[in-house]
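Two complexes come next, and they have one chain in common, chain A, joined by chain B in the first and chain C in the second.
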Partner chain A sequence: MESSHLAYLNVKEIKPKKTGHNPLLNEKNREKLTGYLFIAPLIIYFLVFQVAPILMSLYYSLTVWDMRKSPVFVGIQNYASLLFDNLMYPNFWPSLWVTFKFILIAMPFSLIIPLLLALILNRKMKGQAFFRTAFYIPVVTPGVAVAAMWKWILDSMFGLVNIFIKNTPLVNVVIKPHSWLGEVGTALATLAVMAVWGGLGYNILIYLSGLKIIPGELYESAHVDGASGFQKFRYITLPMLKPTIFFLVITGFIGHFQVFDQMYLLTKGGPNDSTLSYVLSLYNHAFTYYEMGIACAMSYILLLIILIVTLLNFKFVPQKVDD
Partner chain B sequence: MKSCWMKVILIGLLLLSFSIGQFIVAADKAVVSLWVYEPDSRNPLNNMLAAFEKETGYKVNITYIPKDGFNTKINTAVATGQAPDVSYLDQPLVPRFAVDGVILNLDPFTKGKNGIDKKKYYQGALNTNMIGGKLYGLPLNQTCVALYYNKDLVPNPPVTWDEWLDMAQKVYQKGKVAAMEVPPGGGWGAWLFPAFVAAAGGSMVNKNESKVTFDEQPGIDALKLWIEMRKYSNREVTDSANAFQNGFIATKISGPWELKGFRDNFPDLKFGVALIPKKGAKDPHASNIGGENLVVYKSSKNPQAAWTLIKYMTYSVKNALVCAEVTGNFPVLLEAAKDDRYQKDEALKVFLKQMETAQARPRITSWLKINDEVIGKALDQALAGQGAPEAVLKQAAQRANLIIKMDK
Partner chain C sequence: MILHKAGKEVTYMRQESFKKILLYAVLILTTVVMIGPFIWLIFSSLKLQQDMYTIYPSLIARDRATGELYITFKNYLEAFQILDFPNLFKNTLLVAIINTLVNLFLNSMAGYAFARINFPGREKIFKIMLISLMVPGTVLLIPNVLIVKMLGIYNTRAGLIFPFVMSVYNVFMMRQFFFGIPASLEEAARIDGAGRFRTFFEIALPLVKPALVTLGIFTFLWNYNNFLWPLVVLTDQQKYTLSLGLGSLITMGSSKYHILVASSVVVALPLIVIYMMFQKYITEGIIAGSIKG
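Here is the complex of A and B:
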């Protein structure tokens, strides 16, 4: 049993030389084949569930298709209508603008707050493991549960946030309790706060791993030279974290451009479309109005936008330690 | 060598498990697949279908799907050729599915021994199945909205809009009591809006449903009422969870599906149901019809069995009552509505009365899109103060007419 197992796993050792056999299955090819077989499940998955839909949606983006009748080829009409036909597709530009605003609010905080927290968590202190776990919990909590929790925290009459505002002196002078998700002025910002909070754990983890690889000698010699804590942060930590920050900027943009869950679960795009993000609008076209062609075109336009933004990031955001 | 055999066996098992399901279906031709909304309890439907199987010898394969994702699932199933034989279908989707040739014209089945007398159904509900003069489904249930009011805040419900506004000023307490749960616009608000337009003597579309008319004076008046009501209804109160149930809202427009929850979960709430107030003495107490139909898909291999099933579910008083009960709505069979449970219940009696003046949605193929994206958006804008009611409704009407034209 043991030996047959070995034979299967390690053909080379047991049968070192066997010529004149099936030439296609000689030693080298056999080894190659084994390798391909090992990665086959992933490749097949990738081809069937990723590449095929990507290519199919490119085709469908050039058609009018309601999923019930067969698609009708219309060339680039969907793209043109989305960009220029404000009467038929009034949500295209506003939803893009909503998404931009969302990114503008969420991005800075989702870069800065996790950095500060990571710096604190990186020190040797009591309860370190507990805090690391606690900050990571939102990442592994299902979005629906998180949304339900926020709904109660933000309830306009009985939510913790409004009760805190009402009963705290000074604060209740500046801010009045109100419907955070129900008013045009605050709905999007509230969702952005939720997104920053939800992403904290992941970003902290990335920052921590970035901090871990900064050599301790750098700090030691800076200490000998009499550098202050801030100077160490400014001239050692921050430059050494450049690749980490760059990674978070890139993935942050890509993730935030596709923001959907919070809107879908909590506001459905309201009030007055102030939280109708691009992908939520895309979803509506696909699954509420059954305009698959339009939805596919929208996803390709989004791909293009994300591509451009990512290229700009590569050009302008420093990515190497010595940049 | 052993492991090789194991692989063959495993793959074989896998293939077998794929095909077993089909073998079972193929073995018995008289199987009808049925997709329904997930109800509170599955027992009533399961019992009804067990009786159906016993009586007819057909077998029913029922699939329960949560209401939220139902339309998406049905559409995907149709797209991939996996549609069931029979399913519930929300009223406004019937025209689209009929025009696209997805569902079966049922006229041939209505005659003969296994036929029906169409006059036994409520005509409003039945008409939501009539597309171009042809029948594409049987009504499953119907519903409409009426006025819920809090008896502690409002002893006598308002009858006209003027009385309603008077009441609003009296009950309003900033941050504590709201006069009305003003709909937030969007698809839901747009669905309620026609009731108000009709209560001002107007309509959403012209007689032959070729053009929208909600931008005329009645529509403007209806929207102005909402904007006025909003002044006495802080969002801080109306957006709170269960605000009406907790006694912070004086009036709200909603359907009979809320009754059970109100009665079971909020025993302290003293509420009544009244007809929706109308603008002038001569205008009607209007409302709007909603509900689901049962349709048969063209891909069905056994349309005769499918027809037998939908007739069974809707055409006898006993089963019509079950269908109404599991969906929380009203029966569509005239005889069934005479049942004691509707005649003796104060609230349900009002809803039945309100149904008499309720109107169905226009049977325009893209009505869902017009409802959500055009009317809902216009209401949102006007309620947020971005434009006068006249202007936003006019712009919305232009867009709606354009979409109607694109349909043709």
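Here is the complex of A and C:
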């Protein structure tokens, strides 16, 4: 804070002043005013759509409210019921568990596969740009269109996946056709695979940007020392990619934790609540059962979980020096 | 000695070319997995309904009676009858374009102020803003619906626009970009008597044009794709966006795949084309974003 004031004074001292009566004060004030004017829309936006909602949902999380009658203050009852009353809110813990399982399935694949592909693409091969572009297409495609596509491809009777399994020798011995999104055993894993597929191109780009800033001299000197390809990967690439990997873990965790669209569109949380993610459950409480108090309490618990993960990130991830 | 060395070189080269073939095989296989589904989707949309439902499919539609190959756009005609695509496009583009332009304008103004203009409390305000980046969107979902209701813009297109009319993250990015351009040009202009507004518009803004393009594309894509917010704010089908319209088709449950498949091509194709056109900016944007982290 102090440094900014000093900088402020310095700039004022250096700057040549125009002639006029009391120019210093005028220009100083005008500069201040312009600054506030420039950020005024942001301040208003911030107060209305960031601060007010956070405060409002804190208040409503302490009430019982169906949006028709006025809210009734009940203290921390919503939080207590969500956490401890399995009869009233049987979905709370299962939906958290579903979300964690989803993350646990998706995360390893969305970290390892893009890393391998980024390592290949980083070798300055011909057609690199083509592959990068192709892999990124699922990221920019509207999630709803992707959902429709998978619904068709995963159809139990005429979907391409099952037809491929049935008609391919060897494959049909190893895997049996499934109603991929319709069975308790496969639905969540299928959604997780879809998420890995959808985020692959993005993660590759992040890895490529991480690989780009590893100094080439490190590899050269390792080469002189006779290091093998694997050793170079193990002792140079991997340690140097640590911030990138952490970045992907954190953003992946936060993103996957809020998974909603595909579940809402393809399984509605079923079969047997096996894909009822946390945010889908939150959505149901708010817009199907009109339990605004409970939904707001769930929002706050979500915020808390994500804040903890983010703070862990700040604690353990080596912070890069700002340019 | 020389011969021996040459022999070694040959095996090395053989190893290298084998490795290369292997790597290309991996890349091509991945390409099939990544864009194969889209190709299947597009070709499926060009088949008659009865020829979609077969367990021995061909990529190009094949008449099940005569075995002849054909292409039909019948599914698209039907899809346009079921979903009001002109209206959906109009709504989506209206919201996405307004949101993108206003975002660019207001975010870059704020970003510029945080980078260049000295006013008391600047750093403090900026830090408070940054903290808000840790709050994920879904946490604000429900209270923002309440806010939108209080403002009287529930179930309107304005309700789609206002909650996302700015972005703290993009303000942060713009600030970084303004830091990246030399201040000397602006100072020269200011000595010549140009005010802050003129320096901002005429000198600073043109210099960060690539950044504006990148952020603009991202904002546009995000708005075009967004599903959850329109879902909770709109009830009137007349105001539906493309994502919401297609979403309602999916959740209606009737498995009329020929319509679903054609509709999703209509929704996805414009965006894929836009992506191809601006591919460079998107790639660079992501790389810049991740490095600044």
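The working rule: the second predicted complex is superposed on the first by the 283 of 323 C-alpha atoms of A that agree within 3 Å, B and C clash if a C-alpha of one lies under 4 Å from a C-alpha of the other, contacts with A are read in each partner's own complex, and residues count from 1 in each chain.
To be clear about the criterion, a residue touches a chain if its C-beta (ideal position, glycine included) is under 8 Å from a C-beta of that chain, and two chains touch if they have at least 3 such contacts.
A quick note: this is a predicted structure, and the numbers were derived from the prediction, not measured.
Novice: Of the two partners chain B and chain C, indicate the one touching more residues belonging to chain A.
Specialist: So, of the two partners, C touches more residues of chain A.
Novice: Have a look at where A:Asn272 lands relative to chain B and chain C in the superposition and call it first, second, both or neither.
Specialist: It touches chain B, and chain C stays clear.
Novice: In the overlay, answer first, second, both or neither for which of chain B and chain C A:Leu241 touches.
Specialist: A:Leu241 contacts neither chain B nor chain C.
Novice: One more residue to check, A:Lys69. First (chain B), second (chain C), both or neither?
Specialist: A:Lys69 sits against chain B, while chain C stays out of touch.
Novice: May I ask you to decide whether A:Ile206 touches chain B, chain C, both, or neither, giving the answer as first, second, both or neither?
Specialist: After superposition on chain A, A:Ile206 lies in contact with chain C alone.
Novice: Quick check for you: in the superposed arrangement, does A:Asp155 touch first (chain B), second (chain C), both or neither?
Specialist: In the superposed model, A:Asp155 contacts both chain B and chain C.
Novice: Please indicate which partner A:Ala118 is in contact with in the superposed arrangement: first for chain B, second for chain C, both, or neither.
Specialist: neither
Novice: Where does A:Phe287 make contact in the superposed view: on chain B (first), on chain C (second), on both, or on neither?
Specialist: After superposing on A, A:Phe287 lies in contact with both chain B and chain C.
Novice: Touching chain B in one complex and chain C in the other: list those residues of chain A.
Specialist: 4, 8, 151-152, 155, 157-158, 268, 287
Novice: Within the complex, which stretch of chain B touches chain A?
Specialist: Chain B reaches chain A through residues 1-3, 71-72, 75-76, 78-79, 96-97, 100-102, 175, 184-186, 235-241, 243, 248, 366, 368-369, 372-373, 377, 380-381, 383-384, 386, 398-399, 402-403, 406.
Novice: Which part of chain A faces chain B closely enough to touch in the complex?
Specialist: Residue positions touching the partner: 4, 8, 66-69, 87-88, 90-91, 151-152, 155-158, 162, 177-179, 181-184, 268-273, 284, 287-290.
Novice: Which residues of chain A touch chain C once you look at their complex with the stated criterion?
Specialist: 1, 4-5, 7-8, 11-12, 16, 18, 31-32, 34-36, 38-39, 41-43, 45-46, 48-50, 52-54, 56-57, 60, 116-117, 120-121, 123, 125, 127, 131-138, 140-153, 155, 157-158, 160, 163, 166-167, 197, 200-202, 205-206, 208-210, 212-213, 243-244, 247, 254, 257-258, 260-261, 264-266, 268, 279, 282-283, 286-287, 292, 295-296, 299-300, 302-303, 306-307, 310, 320
Novice: Along chain C, where are the residues that touch chain A in the complex?
Specialist: Going through chain C, the ones touching chain A are 20, 23-24, 26-27, 30-31, 33-35, 37-38, 40-41, 44, 52-57, 106-107, 109-110, 112-114, 117-120, 122-125, 129, 132, 134-147, 162-163, 165-166, 168, 171, 191, 193, 195-197, 200, 221, 224-225, 227-228, 231-232, 242-244, 246-247, 249-251, 255, 257, 260-261, 263-265, 267-268, 271-272, 274-276, 279, 282-283, 286-287, 290-291, 293.
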